[in-house]
Every structure is written in C-alpha cells, then in structure tokens.
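Presented sequentially are two complexes of chain A, the first with chain B as partner and the second with chain C.
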Partner chain A sequence: MTSLRKLGESYSFIIPSLIFTVVLGIYPILWAIRYMFYSYPGYGEEVFIGFGNFAALMRDEAYWNSVVNTAIYASGKIIITIPLSLVLAVILNKGLKGKNFLRAIYFMPTVLSTAVISIVFFNIFNSYNGIINQFLMKYHIVSKGIDWLGPDMAMFTSIIVAIWGAIGNYMLLFLAGLQSIPDDVYESASLDGANARQKFVYITVPMLGPVLQMIIMLAITISLKGYESIMVLTEGGPIGRTEVMYLYVYRMFFPISSSSTMIQQIGYGSAVGFMSAVIVGLITIGYFWISKRLNRIF
Partner chain B sequence: MFNKMNKTSMLTVSTILALTLSACSSGGGNTTNSPKGTNETSPQSTNAAVNEGTSDAPKVKLNYWTEDRHDLAYIQEVVQRFNETNKNNIEVEVKGLSENYNQSVDIAFSSKQAPDIIRTTPSNFIPFVKKGYLEPLNGYMNAEMDAKFGGALIDKSNMMDGQIYSLPNYGYSSRLIYNVDLFEKAGIAGPPTTLDEMVETAKKLTEAGQDTGAYGFAINFKGADNSFEKAPRSIAELSGVGGYGYDFKTGKYDFSGFADIMTAFKQMKDDGSMLPGVEAMDIDPLRAQFAEGKIGMYLSISAETNVYLEQFPAKINWAAALPPTINGEIKGVAGYWKTGPWLSISSQTKHKEEAWQFLDYMYSDEVLQKYYEGGYGLSLLPDIIAKSKTPEVPGIEGFLPTENDGIWPISPKVTVDGTDFSNLFIKYTISGGDLDKMIEDVNARYNVALDKARASGDVTTEAMPDFDAKSMQGMLTK
Partner chain C sequence: MNTAPATKIAPLTKTGRRAKRLFSRLIVWGFLAMIAIFTVFPVLVTLFGSFKTNAELTSGATILPSVWHFSNYLEAWKQADFAKFTWNSLFISTFTTIGTLLLASMAAYAVDRRNFFGKSFYVGLQAATMFISIGAVVIRPQFELMVKLNLNSSLWGIIFILISAHATTFFILIGFFKGIPRDLDEAAYIDGCNFFSVYWRIILPLLKPGLGVAALFAFRNAWNEYILPLVFTMTNPKLQTLTVGLADLRYGTTAATQTHLIMAGACLSILPILIVYVLANKSFMQVTGGSVKG
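Let's look at the complex of A and B:
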C-alpha cells in the first residue's frame, strides 16, 4: 500500500512535465506532420494533396537557395568561432590579471537578446551612417562607404555578428574542459622539456576531445537552426542572399510583412519545416559517424 | 513548512490560487471590475436593463482590440466620451496590440476570449471573414447608414458574398515625397511627372547633393513587399496598370506593365542616384535620412506627415506630389494604401446589439470628421471631407485627395511557387538580369496559381472586360 502511494507521489511529480511535453512538444509535431499533406492557408478548407507540398518543395529555388546559404552561414560561423573560443579560453585560463573581468566581457553577448545585438550591429554596419563606415572614411581608409549589408557583403556581416554572439558561450564550455585537465600532466610535460605550443597541441587539444566533440555538435545544430539574428539584421535580404532555412520556414507560418501579397502557408510550411529538420538531422548523424570513426583512429 | 502543512490546507490554497488566477484572466468580456474592486462575473445584459438606461443596471463591458498606434490617443479619447455619455450602460475598453495582432486575434478566438470589437485591415479582412470571426452588419444598418457608406464599400475589403463585415473610415494617399531645398539647389522647378524625368531628376539631385552627401532617390528594399507597395505600385496604378500585376480586364496576371518602371528603378541604381545601402534599408532609417536632408525623393504614403512632425522632425523643407506615371499620361488613379475595412463586430460576442451601438457612434460624422481633421488618416468618404476642415498638419496639403486618387478593386491572393513578384523585381533592380524572361516566368507562375485557386474556389474574381481604371477618377472627391 505504502509503495503504491509512493508510486502515486512519484507520478504526481512527473505528470505536470509530461503534460507540457505532450501539449507543447509532441502534439505540435504531430499537428505539423498531418498538415504536411494538406494545402491549408490557416483558414477555410483543408485540402488533402498527398505529397504535393514535397513536390513543390523540390522545385522551390528560394528554399534550396536558403539551404545553401545555411551551409555557408553555419560553416563560416563554426570554422571561426570554435578555434577562436578555444584560444580565448586557453589565454583566460592562465593566471592573467583581471581574467574574471575579461571572461565576463566575452560572455556578455550570450546573455543579451539576439534582437538587441542585431539592432546594434545594424547601426554599426549600415552603409549610410554606420559607425564603421564613418570611421573608415574619416581616416581615409576607404573613399566610399562599404556596403556591409549589400548583396556581396551581407552574409559576411551576418557571420561576424553570429561569431560575436556565440564566442563567449563556447569559451565558457572550453574553460570548464580546461579546468578538468590535471596540472600534473602539464608539470610532467614541462619536466620533459615541452614548450607552450607542444603542450597545447599534444596535451590540451587531445584532452579536450570529449568537450570539443560536444561543442562541435552543439555548434552545428545551433548554427543550422539559427535565424533570429538574420531576421533582425537583414530579413533574409538583400535579394535572398542571407535567407537561411529556418527563416524561410518561419515566413511560411508568420509572414513578416503585413503586405496584402503575403499569404500564410501552414501546409507548405510544415513540409518545409520537416525537410529542414531532416537536413539538420542528417548532418548531425553524419557528424556523429565521423566523430566515432575518429575516436577509433586516435 | 510544507512538511507541516496538511493535505487539506494545501488543497484549499491551491483551489484559492486557481480561482484567483482564472478570475484574473480577461474572460472574453464576461468579467468586469465591480465598483467594490473585486472581480466578479458580470451577469448577462438583458434588453430590459439596457433599455432602462439606469446607472444601477449592470454594465455591459466590451473589449475593442486594435493594432493601430498612430491614432490610439484619439481613439481612447472618443471611447472615453462614449463611456461617459452613452445611456445604455455600455463600457468599452480599448487595447492596442502592436505586435502579432493577427495571431493574437486567432488565439483569442480559439480560446473563446475574442474581443467584441475588432479592428480589421486589408491584410486580415479575408482570413477573418473566412475563419468566421466577423459578424455581418447588413441587419444592423439603416437606410441612412446605407446611403452614407454604400458608395464606399469595396468587395473583398468591406464585403464578402454580399455581406458587409466592416465599414470604411480612412486610408493613406500615395505620393512622391521630395526635398524642396535640394530641388532648389539643383535648379529643378518641380517634381517629375514621368519615369524619364524621375531618372534625370535623381541624377541631378545626386550631383547637387555631392557636398552634403545627399542622393537623388531612396527606397526601403529591406521590407520588399512594403517598399514595392509604396513605390512601383503607385506609379503603375496612376498609369492605369494593376499595382499587384493582376489585369482586371482579362482576369489574368500580366506583369509586363512593370517593365518600364523597373527599368527606371534599375537605371537610378546604376547611375548611383540611389542612397547607398538601400538594399538593407527599412522605412524608418529612410525617413530619418530624408529628415536630415540626405535624400532627394522617395515614394510613400500620407502617414509621413506625422512622422516628420513627431518621430523624425524634418530639418528641411519638403513637399508631396502625385507619383510620376510611365509616360506622363494619367490612365488610372494613385491607389490609396491600407484602405477598406476599419471596425467589425466579433461573431462570438454576446453583446452584438451593444457592439453595434458603439460602432454606430464610432462611424458618426462627429468622430469621423475629427479623425480626418486630426490628420490620423484621409477619409474615404467624400461627404466627410466636404464637411470637415482641412487637417492642421504641416505638409498635409500635398497628400489631400485629388480626382486622381482612388481605391482599386482587390487583386486576388494566390500562393505562388518560387519567388514572389516584388522580390523578383527588387532582385532585378539590385543585380540585373533578363527582365523580359523574368516577367514571362512570373506571369506563368502566377497564372498557374490563379487557375488552381479558381478551381478550388479560393478565388472567385472573374474577368471584367469593361474595367476602365480611369473610371475610378474622382471617387474620393466631391
């Protein structure tokens, strides 16, 4: 009887979170899976069209352009952010004066709202009165303002903003990893005559392996799904140069413009969302596979 | 402490908390603050209580949701007057929602907490009617109302299938807005009236503005649809071309009328006459730059008057004129923006009669005239304009309705595979391409989508072989 009551008490703790998971997690996914096979603008009749949405998706150049842009955006962000945050973490792990202050400075962007960061960077980078262009022209580094958010530079600028926003987070994870490496290992290496570079390459990096694996996986999934910063900075423009997958999905459900030409497309949006999730899933599985193989080799 | 608390007391506290929280929710207009300050469920209004008009009768509380911010102070003022003067114990509460208005309305309806009065806009009118949110007003309107609004009602904007869901109040005229000081500096007599003149003027203004960093033309390409609606659309419509590419005569899409317009925009970009950074520019930064004197001209709507009065006080002399046309010939009307519906009654409200009494007040001459005179929007009713004083807003003169202003019929909404026309044309302006091929492609895709929408019954608009854009001239003036 007592064990039954204990069991009941345990379930009473689980049930609230179970309800939230079902209502806010599982139900919306099932809801979206159903609508993938319908033409439905959010009102009126739901028309069953089978794989019609997927057939349209295969022909949708704008979507596939957004997939390419996502690949550029994510790889640009990951390739720069991870080594940079590792170097920062190693520097700030040493007995520097004011290291806690510097750690806080680098971590600061992580606690700021993405929208706020993007608005600030918009003001820094805009062509007509942006701070960077004003600086460059004042000191005659350039004669004409650079079009940072124009078709040629917008992706580069978006990546810079993304790096700035993410670096502190990964730095913190690396710092935690660095602090788990015993000092004895470094001391032994010093006795063997290893220099700082050798210690970094042959001790720090290999011993950070598990942390590095986790950080890369996090970075891949977050970068592939990220769109908030781009939405505020460029709205996916100009001319689709910074349109990324999940911004495209967002537009289908919540047209950004209130223009009378925009239509909500719940059915198509669900199909696009599903395809995007499959792409992110496949890339993550691919990374896991490579990562396991590398584990075996090294 | 929790250990000591017995189960009965925990249950009691939880019940009280739950009841308190549910009482605090908005409750779809069924709850109201009683004079004692406690939240109580208001009894259903009875006609007897309403007709008695006594202050002892329970108040009927109506919720009124709007997404408009520009007129909120005035709306609150007139609503307060209604609350103080109506004899039927009706109290209206206005709620201004600026973000995600349509989604908020959706959630309110699905949770049976819909507002009683809803501000409807051109972009949400058809979805709201199709979702069954709006109450038809035909049964409430008397002969006087029919006469007052009948001529201003637009199909699929105020009416659907013969039922009226919202009456019109105001809209915004489309204009070319220009920097008078820069025009004088460049020695240009007046605003351009043709596309060629616009391109030439932009070039001259850029030359004249070299020393101050001013450019001839600007457009907010960041919001592709918004910029397209305000600029190329207004030129097309004044030239007699459907602003959304739909040809009302043939009942098909034909974007070829935009070829000259987009060529002119591209020319200005190639000439270096456009402000650098227009590709990523939103409307507010554009306005800020215009107020600083960095832009010679741009196309926008009559809302700009209040912007340069309050938001970005203009440091220059500026004026507004009709947009240019393709070749100088006015073959249509400059289409008003955000016109058509205004207020609607919720189909879910339990107080339809009272909601109509409020609408009757809001659509009275007194409220509409002061709305127009206050410069919140240009009235769509020529009678109201005729009775009213000219709004005392600096710069409004150039925006006042002329015989060349009007409201175009509503173009069908279709879901198109691939890039929409506004983004495609902006792409051409920024990076070029084969415009003829682009137009051929966009025509084909839009007409396939239109055929599909007609076959499914989503679009019922048919060809109007007798349609003449010129016949709309004078519809907003007396």
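Let's look at the complex of A and C:
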C-alpha cells in the first residue's frame, strides 16, 4: 500500500524531532508537576504531602519578596525599553544617513552572551575600582564612589543592564511593524498639514497598535522569566534586594555558588516553579484582557 | 517640517526655519549617538580592558590602555585554561547546530510536503514548547535523565538538551520551505527519487539560505548558553565552557580576582560571535524582524 508507505515516510521524518521534544521538553514538565506534591530534598525518600508545599509557599516571605522584586525589575525594564526602542525605530525607519549602521549597533547586544556581558558590567559598576566610579570621581562629579551593586542601587543597576540588552531587540520588532504601515497614510497627513509629532501620535502609534500589543506582551513574559543576567551580576543580593522569581526557583534545585547556604528542595522547588509560571500566565492574561478592552474604547 | 504654520505664531523667516531644523536634527543625532555609546560602551571596555594590566584595570579611569599587553591572551589561554573552555564551547555549539538543523529540517520537510494523521498535533506541540516554560525546574529532570543515561560526564548531555529546543528553528525553516516550489519534488520523483533522496539531494541544497540563517541562530544560542553548562559542570570543571569558566574566574577561589584575565577571556568569547554578526548582519536583521509579522 503506497499510502501506508507514505505515512511511514512522513512519520520517520517527524519521529527524531518528536522523541527529543517529548523526552527533554514534555517529560520534565510532567516530572515537575508530580514532584509539586512531594517532599523530596534530592536524595533519600520521597514523601507525598499533597498541597503541603503550596501551604509552605504561601508563608514563604523570601519567595514573595522575590515576586515583588520581579515586578519592579520587569516594570522598570519595560517602561524604559519600550518607548525608547519605539522612538529609535521611528527615527531609523526614515531615510536617515547611516541608518543601517546604527541599526546594527543597537541590535548588537542581542547577539552577545548575557552572562559574559553581565560579568563585564559587574566590573564596570564595581564600587571601588569600577570604571564608572573612577570616571565620576576623576571629574569630581561625586566625591565618594557610588555603591552600584549595594543594597540601594543593585536593582537600579540590574535594570540598566537589562535595558542595555533589550533595546535593540524591540527596536527591530518595531521596525518590522513600522514597515507594514503604508506610506500614503503619511503623505495624506502631510498634505493636511500634520507635523512630525502629530503623525507619530495620530498615525504611527494607532496603526502600530496590534504589533505594539504583541511586543509588550512579549516584553512582559520575557522580563518576568529572565534571571541569567541577575544571577551573574548580583547573585540576587545584596540581602535579597535583586532576588527574582526564577532565580529563587533555580536556587531550590542547584547551589548558586560555593557561598550559598540554601538547601536544595526538589519538591518545594517544583511547587515554587509552578506558582511562578502561574503568576507569569495570569499577568499575561490580565494584560491581554486590558489591552483588548482598551482596543474597544479607542 | 510644517509648511502651513499655525495661525497665531508669526511665520518664521527663512534663516529662522533653517536654524530650527538644524536644532531638531542636532537633538535627534545627539539622542542616537547617546544610545549608540551606551550600547557599545561595555564592548569597548572589554576590548581595551583585555590589553591592560590587572593594576591598571583596578585603578585607572581611562578607556585606552597605557601600554598594550597582548600577553593577557596568552596567559588566559594557558594559565586560565581558556584553550580548554574554547574547545568545549566550540564542540557544544557545532554539534548543537548540526543536530538542530537536521532534526528541524527533517520535521519541516515532512510537515510542509505531506499530510498525515497527527500533523496539527505535532505542530501544536512544537509551538507549545516555545511558550510553556517553568524555567529552572525543567533543568533538574533533564539533568537526572542525563545522569541515568550516563551522559552527564560528557558534553553530550548539554548538546542533547540544546537540540531538544529546536522549535524556533523548525518554524523558521517552515517559512523557507514555502519558497521552494513543489514542482521540483514532482520532477525528482519522476526521475526516480524517493522521499528521502528528494530531501537529501533536492531540498537541502535549495534550503541553504534558510539553513544558514537557522544555523546562525542555533550556533549563537549554544555558544552563549550559560545555565545549562553551569549545572552540568559543577562537579566537572574540565567540561566548562567559556561562559561558565569566565564566571568562575570572578568567583575565583584564588586570592585576588584577575580582572585582566576576565577581560581577555570575555573577548575570546565575544569576538567570534561579534565577527559572525558583522559579516551576517543582514540575516540577523531579517529573521528577527520577520518573526513579528502577522
């Protein structure tokens, strides 16, 4: 039967991919869902405790602190990155001299390793010999070095590093969206005497609406999940000031460095991971709902 | 700018208008330059820092080194074992790229050219893996699986996990498949090719541009990966990649942090990708830009 042979051929091309996806993509999720209900420190006995992990989670102040930090981190990053990258995209969408060169420059951070660049930023922001403080003191802008990675400034610094890594990416997404706006809309607006600012407010932003919504949603989920940069830059410290949700999850499974005293708890970690995924999901759905309603109003 | 000025304001003279345009242009260029400097700054610090002595790095506020110490690289290469790290990074990235391209192109071929039971389920599953993520949790079961398979003491565990995340490549390639006309397949079948040989001898060579772009992305992701190799090499420093080895230098158990070696190492890990990026800048822009359409 040729159709059966065809089916076999098709499947034989799918199966390698399917095996990898199921074994290393789906199975781990099911594994985590199972362990949410167990007390299991990673060795010895697994004890079924039902919703015990979730009850403990509700009382876990360190975790909820990390949730608050994640909210600060993500909103700080998004509030600055989105407008900035939109403005860059609008400027670079015109026939500006050297626009391709500038696009390449702005997009460059996206190509580099987050971990490595965070190590570099660690050295740049270092409080006593970092290049920023050296510069500020040399020109007498400050008399004493700013403790960029100290309790007061660490979150601010982490957000700066996050913005550095994100601007180019969103700029490019906005550029793609801008290219879908037909030129004649702008031309007719020019004929009606609209200036650059009016064109931006009344044409670009509304016409970019759907793309804008999608990009913001993407930005929200990505920033809520990000922890690699913070892990390298501050390890969540000092005194938990930059601890974010997924870094906290990570700590439950692996010791973060030799200095870490946190004990690994597989079962509890799974519950924390699940809760974090639910929080990200709820925020995304919430954002989606609000933006849909706003759509109807405008 | 505005050719019909608002009624209340007196119309600007010719020179006034020109001055205003120049002024707004200056603001725009200043803004663009500021962001560009902000973007390039850490890369320049790394590049120039990699030629400084440790003492100069910890005291000086200058960007350029006073004397260029090329020996930092030699020291990093030999003493800090960056030769080993580079090899490991290269090994992981190369095999991840090959594996990802093979898996994703085969699946994309079957999905684009054939209809079969469960096709939409398979595509949905791939899409789901891109969105469902419970972050660090999944690394634990992946790790334990590799321990059971005895792959945790080699780089293959990392490679397999990275290959398993091939959904993005799959969707990129599906896009490129649409551009290859089916008539070519038909002609090849008439000439006596079968399903496999059409894929291997007709499709893959025609898919080269798509494969090239996908390879760029897969290689970059593998090269830059940090958390997976970190987890897998915790008890096995010999398998560390550039990213992990660098971070380890910072937490260094040795007395003083050797910042000059960190900078040289950072350059070793950034430069290859940066060079590829400069050469293939167009491909990077197209794919990322295209992914938001629709």
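One rule holds in what follows: the second predicted complex is superposed on the first by the 293 of 298 C-alpha atoms of A that agree within 3 Å, B and C clash if a C-alpha of one lies under 4 Å from a C-alpha of the other, contacts with A are read in each partner's own complex, and residues count from 1 in each chain.
Quick note on the criterion: contacts are C-beta pairs under 8 Å (C-beta built on N, C-alpha and C of every residue); 3 or more make two chains touch, one makes a residue touch a chain.
No experiment lies behind these values; they were computed from the predicted model shown.
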{"item": "Combined model on chain A where chain B meets chain C, clash or fit", "value": "clash"}
{"item": "Touching partner for A:F254 - first (chain B), second (chain C), both, neither", "value": "both"}
{"item": "Partner chain(s) touched by A:I167 [first = chain B, second = chain C, both, neither]", "value": "second"}
{"item": "Touched partner set for A:I181, first chain B, second chain C, both or neither", "value": "neither"}
{"item": "Which superposed partner A:I216 touches (first chain B, second chain C, both, neither)", "value": "neither"}
{"item": "Touched partner set for A:N129, first chain B, second chain C, both or neither", "value": "both"}
{"item": "Partner contacting more residues of chain A (chain B vs chain C)", "value": "C"}
{"item": "Contacts of A:I279 with chain B and chain C, given as first, second, both or neither", "value": "neither"}
{"item": "Region of chain B that runs into chain C when the structures are aligned on their shared chain, from 20-28, 56-64, 74-82 or 92-100", "value": "92-100"}
{"item": "Residues of chain A contacting chain B in one complex and chain C in the other", "value": "122, 129, 254, 257-259"}
{"item": "Complex contacts: residues of chain C adjacent to chain A", "value": "1-4, 28, 31-32, 35-36, 38-43, 45-46, 49, 57-61, 63, 102-104, 106-107, 109-111, 114, 116-117, 122, 125-126, 129, 132-142, 145, 160-161, 163-167, 170, 195-196, 199, 220, 223-224, 226-227, 231, 234, 242-243, 246-247, 250-251, 253, 259, 262-263, 266, 269-270, 273-274, 277-278, 281, 284-285, 288-293"}
{"item": "Chain C contact footprint on chain A (complex, rising order)", "value": "6-7, 9-11, 13-14, 16-18, 20-21, 23-29, 31-32, 84, 87-88, 91, 102-117, 119-124, 129, 131, 134-135, 137-138, 164, 167-169, 172-173, 175-177, 179-180, 193, 195-196, 211, 214-215, 225, 227-228, 231-232, 246, 249-250, 252-255, 257-259, 266, 269-270, 273-274, 276-277"}
{"item": "Parts of chain B lying in touch with chain A, wherever the complex brings them together", "value": "100, 103, 106, 121-123, 127, 130-131, 221-226, 228-229, 244, 275-277, 279-281, 285, 289, 294, 410-411, 413-415, 417-423, 426-427, 430-431, 456, 458"}
{"item": "Chain B partner contacts - residues on chain A that touch it in the complex", "value": "39, 41-45, 47, 56, 59-62, 122, 126-130, 144-145, 147, 149-151, 154, 234-235, 237-240, 254, 257-265, 268"}
